[in-house]
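For clarity, chains are labelled A, B and C in written order, and residue numbers in each chain start from 1.
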Amino acid sequence: MLELKEITKIIGDKIILRNFSLALSPGESVAVIGPNGAGKSTFFKLAAGLMQPTSGEILLNGEQIKKKTHLLKKRIGYLGHESFLYNSLTPLENLRFYGKLYKVKNIEEKGMELLKAVGLHYFKDIPIRSFSRGMIQRLAIARVLLAEPEFLLLDEPHTGLDQEAVSLLNQLMKERQKQGISILLISHDFEQVINVCDRVLILNKGRVISDRNIDPQLELMSFKKWYEAAVIGK
Amino acid sequence: MKQPSAFVDRMLYILLVPAMFVSLYLIFIWSPIEKQMGASQKIFYFHVSTAWVAFLAFFVVGYYCVLTLKKPTESRFIKAGISAEIGVVFTTITLLTGMIWGKSAWNTWWTWEPRLVTVLILLFIYIAYLFVRKMEGTWEKIAKLSAVFGIIGCINVPIVFMAIRWWNTKLHPVVFGEGKNQSGGGVEPDMLVTLLFCIGTITLLYLFMMRKGIEIEKMRLTVRKAKSKVIEKLAS
Amino acid sequence: MKIILADALTIAAKDLRNELKSKQTIGMMIIFSSLVILIFSFAFDPTNNTVKAIIPGLIWVITIFSGLLGLNRSFISEQENDSLTGLRVAPIDPSSIFLGKVVANLVLVIIVQLISIPILFLLFDYRFHGEMIWFLLIVLTATIGFIVIGTFLAALAANAKNSEMLLPVLLLPLLSPLMIGAVQATKIVLEQEGMKDAVSWLQLMAAYDLLFFAACFFLFEYLMEGS
C-alpha cells in the first residue's frame, strides 16, 4: 500500500504539487497523465524518496519514507527519464552491479532471465555504449524489475521502444500486476494507458483535476476527448 | 511602510556614527604613541578589530550553516551569505593592515605568521564558500550545499591555525599573554582601552552592515518572487 | 555498518573495474604527474644539490595535481545517464557511496604515487636514505586525508556546471593544514633528523583525517539529498 497524504512540493519559489493525495492498493495500476510540466515526474521522485515533500507525508505499507529508511526503497522500482546505467558496462554487468546493491539473490540467473524477457540476451556481453535508445530503455526496465519491487514507478517507459518492445513491456506489466504488484505509470501514449491501467489521474499544474476508472471497452477517441475536455476545461 | 526593525536600524546608526568618531579620537589623539614603532603602530587597532570581526563573521556563517542544515529557511540562508560577504571585506582589510604593520615592524610586507596566514586561508575559504553559493540551482539546493561547505570550512579554521603555529611561531607579537618580552608584546592600559573600544565599534559596524545587507537581500527576494508571480500569471 | 562497507566495496569495485577496462583516468594521471616532474626539472635544475630540499614539496605537488584529475572524474562520471540517481534510489546508505568513492580514488592515487614518486627520485637523482616504514606511513596518512576531503568536495562541486574549476578552489584552502604537515613530516623523514617532530606531525595529520572523515561521512547524505 502506497499512500501519499496531502503532499505539497515547492521548489524554489514555485509550487510544483498542491495538496496531492493518492492511495495505491496492491495489484492496482494507475496511470498519471497530464501536460508537460504538470509535476508528474516530481510526484514520482517524491514517491521514490529522491526528494522530500515540503509538507504532507508518504507512507509505504504504513511506514514513512524518510532519509533513514533506505531499506524501504528496495520495495520501489523507479524508472526515471534517464536509464541510470553505466555505458562502459555490459548489460549483464549493469544488472549484476545493481543486483548487488539491491541484495538480490542468485543474480546471474535472474539477470539472464530478465535479459531474455526484454530481448537483450544476444547482446549481454557488449558494453551498452553502442546501444540504441530503445535497447537502453529495455535494459533500464530490466534493471527496475530485477529486485522484484512491490511498487513500480514507471516514468514514460514507452519512449523509444519499438512496437515489439511496447507489447513486451505491457505484457511484463500485466504479469506483475497479476502477482499483486502495484504500478504507477506516466505516459503520453493513451493507447498503452487504456491497455494496461485500470485507473487514471489527470495532473495539471500540480493538481489532480480528474480521477476515474478505465473500463477495458473504452474507445481511444472518447478517452482523448475526455482528456482534452478535462485539461482545457479547467 | 514602517517596520519595528527600522527603529533598531536607526538606533544602531545613531550609536555607530559617534562611536566611529570617538574611536578615531581615541586612536589618533588620546592613546599614547608606542615607543618602538611610533605612529605606525596605530594601524594595530584597525588590524585587531577587523581581524576579530573577520573571525566573528565566519563564526556566524558557521552558525547559520548548521541551522540551515537542520531546517533550511530563506532567512538563514541569506544571513549566512551576507555574513560571508562582510567577512570577505574584513579579512581583506585585516590582511592589508597586517601587511602594513609587517612592513613597519619587521620591514617585510609578508610574514608567514600563523594568525596572518590563517586569515589569508580564511579569505580563500570565504571566497570558495561564495563560489558555492553562486552555483546554479534552486535556493534549497544551494543552501544545503553551501551549508555543508561552510561547516567543513569552519572545522578547518582552528586546524589551519594550529598547523601554521606549529610550523612557524617566530614572528608575531603575542599581545595578550605569553610573549611579554617580544617587541610589541603586552599592551599599556590606555592602549587596551582604545583597542577594546575599537573592537566594540567595528563589531557594531558589522551588526549594522549585517542588518542592512539582510534587508537588501530580502527586498531582492521579494522583487524576484513578485516577478515570477507575474510571469506565471502571464503564462497561464 | 557491515552493509555500508559491503555496498561501498561494490561501488568501489565497479569504479575500479571500469578504470581497469578503459585506463583513461589513471593513464592521464600518471602522464600528468610525469609531466609535472618534467616541468619542475626545467624550473629547478636537478643537478644542483640544493634542489634536494624541494623534493618533499614536489611529492605533494604531484600527488595533489594528479589527484585532482581523478577526483574530478569520480562524480562527473556518474552523471552519464544520471547513474548517481540510480545509486540514490537504491536501498543503500548514502555514506556507502562516499566510502566507495573514497576507496576507488585512494587506490587510483596510490597507484599514481607508486609510479610517480620513483620517477621523481630517479629524475632528480635522489637517493632514498630515510626509514621506509615512516615514509610510507606519512605518505599514506596524508593521502587518505587528501582523498577523503577531496572526494567529498568533488561530490559537492559536481553539482556545478564548471565543477573542474570549482573543485581546486574549494579543496586547496581546506587542504592547507594537511599539506603543511605532510611536507614537513616528509622532509624530516627524508633528511632523517628530528623524528620526534615527524611523529607529532603524523599525529596532527591522523587527527585531521579522523575529524574530516567523520564530518564528511555524516554530512554526505546532505549532498545526496535532492532539493
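Please note the rule applied: a contact is a pair of C-beta atoms (placed from the backbone, for glycine too) under 8 Å apart; a residue touches a chain by one contact, two chains touch by 3 or more.
These figures come from a predicted structure and were not determined experimentally.
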{"item": "Touching chain sets, computed without subunit B", "value": "one piece"}
{"item": "Closest chain to the centre of mass proxy, which here is the mean CA position", "value": "C"}
{"item": "Greatest separation from subunit B - chain, by CA centre", "value": "A"}
{"item": "More contacts between chains, A-C or A-B", "value": "A-C"}
{"item": "Geometric centre distance via CA averages, subunit C-subunit B, whole Å", "value": "32"}
{"item": "Chain centre separation in whole Å, for subunit B relative to subunit A (CA means)", "value": "50"}
{"item": "Subunit A-subunit C separation of Cα centroids, rounded to whole Å", "value": "39"}
{"item": "Residues of subunit B whose C-beta touches two or more other chains", "value": "138, 140"}
{"item": "Contacts with two or more other chains, residues of subunit A listed in rising order", "value": "11"}
{"item": "Residues of subunit C engaged with two or more neighbouring chains", "value": "225-227"}
{"item": "Touch list for subunit A against partner subunit C, complex", "value": "11, 45, 48-52, 67, 70-74, 76, 78, 80-89, 97-98, 100-103, 136, 143"}
{"item": "Subunit C residues within the subunit B interface of the complex", "value": "149, 152-153, 156, 159-161, 166, 169-170, 172-174, 176-178, 180-181, 184, 200-201, 204, 208, 211-212, 215-216, 219, 222-223, 225-227"}
{"item": "Of subunit B, residues touching subunit A in the complex", "value": "138-140, 224-225, 228, 232, 236"}
{"item": "Interfacial residue positions of subunit B with respect to subunit C in the complex", "value": "69, 121, 124-125, 127-128, 131-132, 135-138, 140-141, 144-145, 147-149, 151-153, 155-156, 159-160, 162-164, 166-167"}
{"item": "Subunit A contact footprint on subunit C (complex, rising order)", "value": "7, 10-11, 14, 18, 21-22, 80-83, 85-94, 221, 225-227"}
